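Order of writing sets the labels: A, B, C, D, E and F. Residues in every chain begin at 1.
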Amino acid sequence: MLENLGAAAGANLLAPAVLFFALGAIAGWLKSDLTIPDQVAKSLALYLMLCIGFKGGVEARASGLTPDLLSAGALGLCLSFAAPFAAYAALRAFGALDRVTAAATAAHYGSVSVVTFAAGSEYLRAIGVEFGGYMAAVLALMETPAILAALLIAGSRGGAAGARIKPTLWREVFLNGAAVVLVGSFIIGAITNEPGRERLDLFVGALFQGALCLFLLDMGLVASRRLAAAPKLNWGLIGFALVWPLLSAAAALAASMALNLSLGDASLMAVLAASASYIAAPAAMRIALPNADAGVYLSLSLGVTFPFNLLVGIPLYHAIARLMYG
Amino acid sequence: MLENLGAAAGANLLAPAVLFFALGAIAGWLKSDLTIPDQVAKSLALYLMLCIGFKGGVEARASGLTPDLLSAGALGLCLSFAAPFAAYAALRAFGALDRVTAAATAAHYGSVSVVTFAAGSEYLRAIGVEFGGYMAAVLALMETPAILAALLIAGSRGGAAGARIKPTLWREVFLNGAAVVLVGSFIIGAITNEPGRERLDLFVGALFQGALCLFLLDMGLVASRRLAAAPKLNWGLIGFALVWPLLSAAAALAASMALNLSLGDASLMAVLAASASYIAAPAAMRIALPNADAGVYLSLSLGVTFPFNLLVGIPLYHAIARLMYG
Amino acid sequence: MLENLGAAAGANLLAPAVLFFALGAIAGWLKSDLTIPDQVAKSLALYLMLCIGFKGGVEARASGLTPDLLSAGALGLCLSFAAPFAAYAALRAFGALDRVTAAATAAHYGSVSVVTFAAGSEYLRAIGVEFGGYMAAVLALMETPAILAALLIAGSRGGAAGARIKPTLWREVFLNGAAVVLVGSFIIGAITNEPGRERLDLFVGALFQGALCLFLLDMGLVASRRLAAAPKLNWGLIGFALVWPLLSAAAALAASMALNLSLGDASLMAVLAASASYIAAPAAMRIALPNADAGVYLSLSLGVTFPFNLLVGIPLYHAIARLMYG
Amino acid sequence: MDLVTRTKLEIFVEAHAVNDLERMLTRVGFKGCSVFEGVEGAGSHGAWRQTGVDEAGMRLIITIGSEASARAALTWLEDYFKSYPGVVAVSEVKVLRAERF
Amino acid sequence: MDLVTRTKLEIFVEAHAVNDLERMLTRVGFKGCSVFEGVEGAGSHGAWRQTGVDEAGMRLIITIGSEASARAALTWLEDYFKSYPGVVAVSEVKVLRAERF
Amino acid sequence: MDLVTRTKLEIFVEAHAVNDLERMLTRVGFKGCSVFEGVEGAGSHGAWRQTGVDEAGMRLIITIGSEASARAALTWLEDYFKSYPGVVAVSEVKVLRAERF
């Protein structure tokens, strides 16, 4: 068992995508001038979303409206909405953050990271573990409840700017570009089904792997530069960013078992719960809680938790799932 | 027959590319902040052009210099040059446009849309109807005559700026980036032939489908945003943008039959005649007829005619062609 | 023999990538407004580097640490370091350049061009000549020694700015983005080996051809525009840019034979020696020798030597190699 | 040639605010504006950089108009900057065709 | 340190005009310029946005030179703006190494 | 509304110098800056254009601060421009919240 775990972790660490992340991180750390131009990085992100949504839609259509789909969706919603309350308490207690920054950071940890999900599902595919295509929809469902929870926690901001900014915020929360592409592609995948998939097979399949490598290279650069520019992180915060994913994943696994989700679905649910948002949540927080310190929440989610999940978390959560599923 | 028509239309509407256009249009309409970064969109457009040209060149070389090629080319040139005169009259009569804006808009309707052509040929391929590779060359031939016709209609602008801007204009008309890539790739395809095609098979083939989806997503966004920002369109203009393509397609079909073009060639000729330019023509009009109202011509060609052709026109013109070809 | 040479040259000139370069050059010369947006061009360059490095790494791992690898690497280092001294002397004698511009130009000719290497290896692949995957590592090794040699030649610049700019310079020389991706991908390829290659097969394989076409289209545009904007080139300089590659390639071939490198390795070594840098070297020279005239070194390396190598040099060097290897 | 003095605002704000700002500028009387995208920067809210992954970046809105419009915009901005990051710089410029501004 | 007053032009024009403008600026005596790309904007000819599909967008040309050069450029621009969209703003700046401008 | 006069620097430099410049600006007392990327330009060192292949291009750094900071920055720049291409333009602007600059 432990041997398998070691081998699985090794396989993950040797996956090209993970190695490209490491390359980016090292290049950023050495202050290389390497950068993926931002418009291309943004497009890669949209493209990854498109692939994940589309493939998920095709697979979800193939398997139909199973009860698993419903329980996974409901579980995802609950986890995403509940997590910020616990995370907020922990951040206040151990991280010594002010109220607003703690709420904003909690939103990130309740919400999810698309690329962590992508890496997780690639990992499961590589080791031959099946999971439901609807997990892409669960991913989409988990993006926003955490943001709403954080807003509840922080309380309505009031003040003159409040009224003015509301519509922008709701648009950002529900209609941010990434979410629209993810959900839209899921629906398109479900509609076009196999004929559509055949046409786009290569585009959303073989190409995806390479694009993920390129994007992770960029993530490595951004993460390590972010971390270098963040002197404010105390050990309490770093501890939170490493321990929270573990606890969160464990809770997700337990709940998944209770709901009879499959091994693959449970593993992905753990990955989602453990992951922290770095696209949707920061964008919303910048609008809704502008007094929160972006240096804190971005450094934690992007600089600490993302690498941890990518390098260690994904194989670990799956290994724990295996143990639990016997 | 009608049943077939319905099925064909359904097949078109369910094609992933068309659905991605719809997704973009909905996202734009809901004021989502989704955007495909402009440099990437520009590159996608060049890439689509490259594929269309290259594949056309390879196929044209394979079939040789047939009489069909010559008649299709001659017909395309005539349609593109003649259309603006009729469109100008209609726009003045029903759209209540000033002289200059009417001329500029007429240029758009005489010229052609590359992406409409791409969607049309993908549609024919999907339902298994053959067409000549030289239609890509016809597409290129039809871009500019309409622009020249519009300049004739508007009369030489005179004034001090006129002389200064002339060389820029001719460069824009004959050497705009899109046209150069289209024509150049056609020639390269014809030169390298099968060996070249094999090397680029995947690049211009399977990848093309996905890139078209992404580009149509962007087109949807741009079209719906353009339409939202265009309060000036009267019903006469909207009527023109919907009826003109039908009449234009019918004329093209009749002429194609008279010239004994194949069913596929005739269908594509109708698509080309019905389509309206939104790249080459606006660029030229901005230089040559700066007093024309870009809000009018872009909203019509991009916001009304393009979606109409994509969603309804393409299968419809082909269905009519089938009826005519018995 | 000569017949074969003619056929080989013809095959090279008819390769799609070379034709796209010609298309770009013609478009630039005709002052077309065609451009590949710069962020996309930059990303294409990084992508080509990634592919070259990754494939090289996988192949190098497969063949193991052969003595050929070591001799090729050592030869590359020597050529790159020695070349600037000879080039400097020639540029001073025949090109009438000032000391600093001559040194900066010499750096370009000692260093190497990644795209020339890519075109060279595609050419060898197309005609079925084998070469070692480690040649990608040799490419990486040859980038910087020439830059250091040029700095030695020019002498330390002194002055107040000198001290300040040093760290930036060393970072640029050893950690420029291109080099990092090339070397990093080589290592990643060597680590992940076949399983990694399978996953990325399409991404670094079939797609590469197309991306190379697109990038060469851009290179054609940039090269011809650069040349048009460079009135300062005298015949001595143009002669240098055409004769130096030949002499350099001949020297590289002779040394490769002496070291018992294979035919393919020797041909690529000649291509590397003949090629002139237009990414790493200009970036470093702009920092280290800001008084050198960028108009001279960029016009020569990008506007004269690059096209010469691409169109004539590659098949020629290989033909000479064949003659020498009997 | 008639050069007339007008007021130029250079407003640095986060991308999400650009639409609101454009609406406000129109309301207070500006007849045009131009928006540019920054690549990196720093201020009292820390440093940022366009990356395509996490950071939204600042936009620079340049708008030229009457002094009265500028005054109204500044009042709005003063309030806006209480909550959000950003900076505004006011200066005088001369323009042709003053009736357009 | 010698700071000398020179005239700065900020010229907003469509992309297709940039080459002609650069030639003109050189002719009237400007020894340099820098061009930036806008992402969106609005004016009397309506609103625009860089999209990659249909709209060409505005460029901002910044050029610093002598008052005489500026005057000549403004005469040219006054004529140009009769036909084409665009705006120019004139202001004074101080520069180092005045002989370069 | 309290508008206070401050000094604005517009600095055109090559991309490789931006980091050094930002550090210098902080050192001499500027509390913020914004960086923009040019698409093309020309000066005494010749013309350039963003291409993605060979040319690094110029950046425009805009920074607003006290006159004293500006003077210190100009001294640094005067020296820098002895070796490297670039231009700086100094002008006065009015800002809100003067304590921030």
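Here, a contact is a pair of C-beta atoms (placed from the backbone, for glycine too) under 8 Å apart; a residue touches a chain by one contact, two chains touch by 3 or more.
None of the values given here were measured: they were computed from a predicted structure.
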{"item": "Chain separated most widely from chain C, comparing mean CA positions", "value": "D"}
{"item": "Residue-number overlap at the chain A/chain B interface, same or different (half cut)", "value": "different"}
{"item": "B-C or A-D, whichever has more C-beta pairs in contact", "value": "B-C"}
{"item": "Inter-centroid spacing, chain D versus chain C (mean Cα positions, whole Å)", "value": "45"}
{"item": "Distance from chain E to chain B - Cα centre to Cα centre, in angstrom", "value": "35"}
{"item": "Chain E and chain F: spacing of chain centres that average the CA atoms, whole Å", "value": "19"}
{"item": "Approximate Å spacing (C-alpha centroids) for the pair chain B, chain D", "value": "38"}
{"item": "Contacts with two or more other chains, residues of chain B listed in rising order", "value": "33, 35-40, 42, 172, 202, 207"}
{"item": "Per-residue multi-chain contacts in chain D, two or more chains", "value": "16, 36-37, 91"}
{"item": "Complex contact set, residues of chain E against chain F", "value": "1, 3, 6, 8, 18, 22, 26, 31-37, 59, 62, 64, 91-97, 100"}
{"item": "Sites on chain D touched by chain F in the complex", "value": "10, 12, 36-44, 58, 60, 71, 74-75, 77-78, 81, 87-91"}
{"item": "Chain E residues touching chain B - in the complex, by the definition given at the top", "value": "14, 16-17, 19-20, 45-47, 49-56, 79-80, 82-85"}
{"item": "Contacting residues of chain B [partner chain C, same complex]", "value": "37-40, 42-43, 46-47, 50, 54, 171-172, 175-177, 180-181, 184-185, 187-188, 191-192, 195-196, 199-204, 207"}
{"item": "Residues of chain A that touch chain D when the two form their complex", "value": "35-42, 44-45, 157, 159-161, 164-165, 168, 172, 218-219, 221-222, 225-226, 229, 278-279, 282-283, 286-287, 290-291, 293-295, 298, 302"}
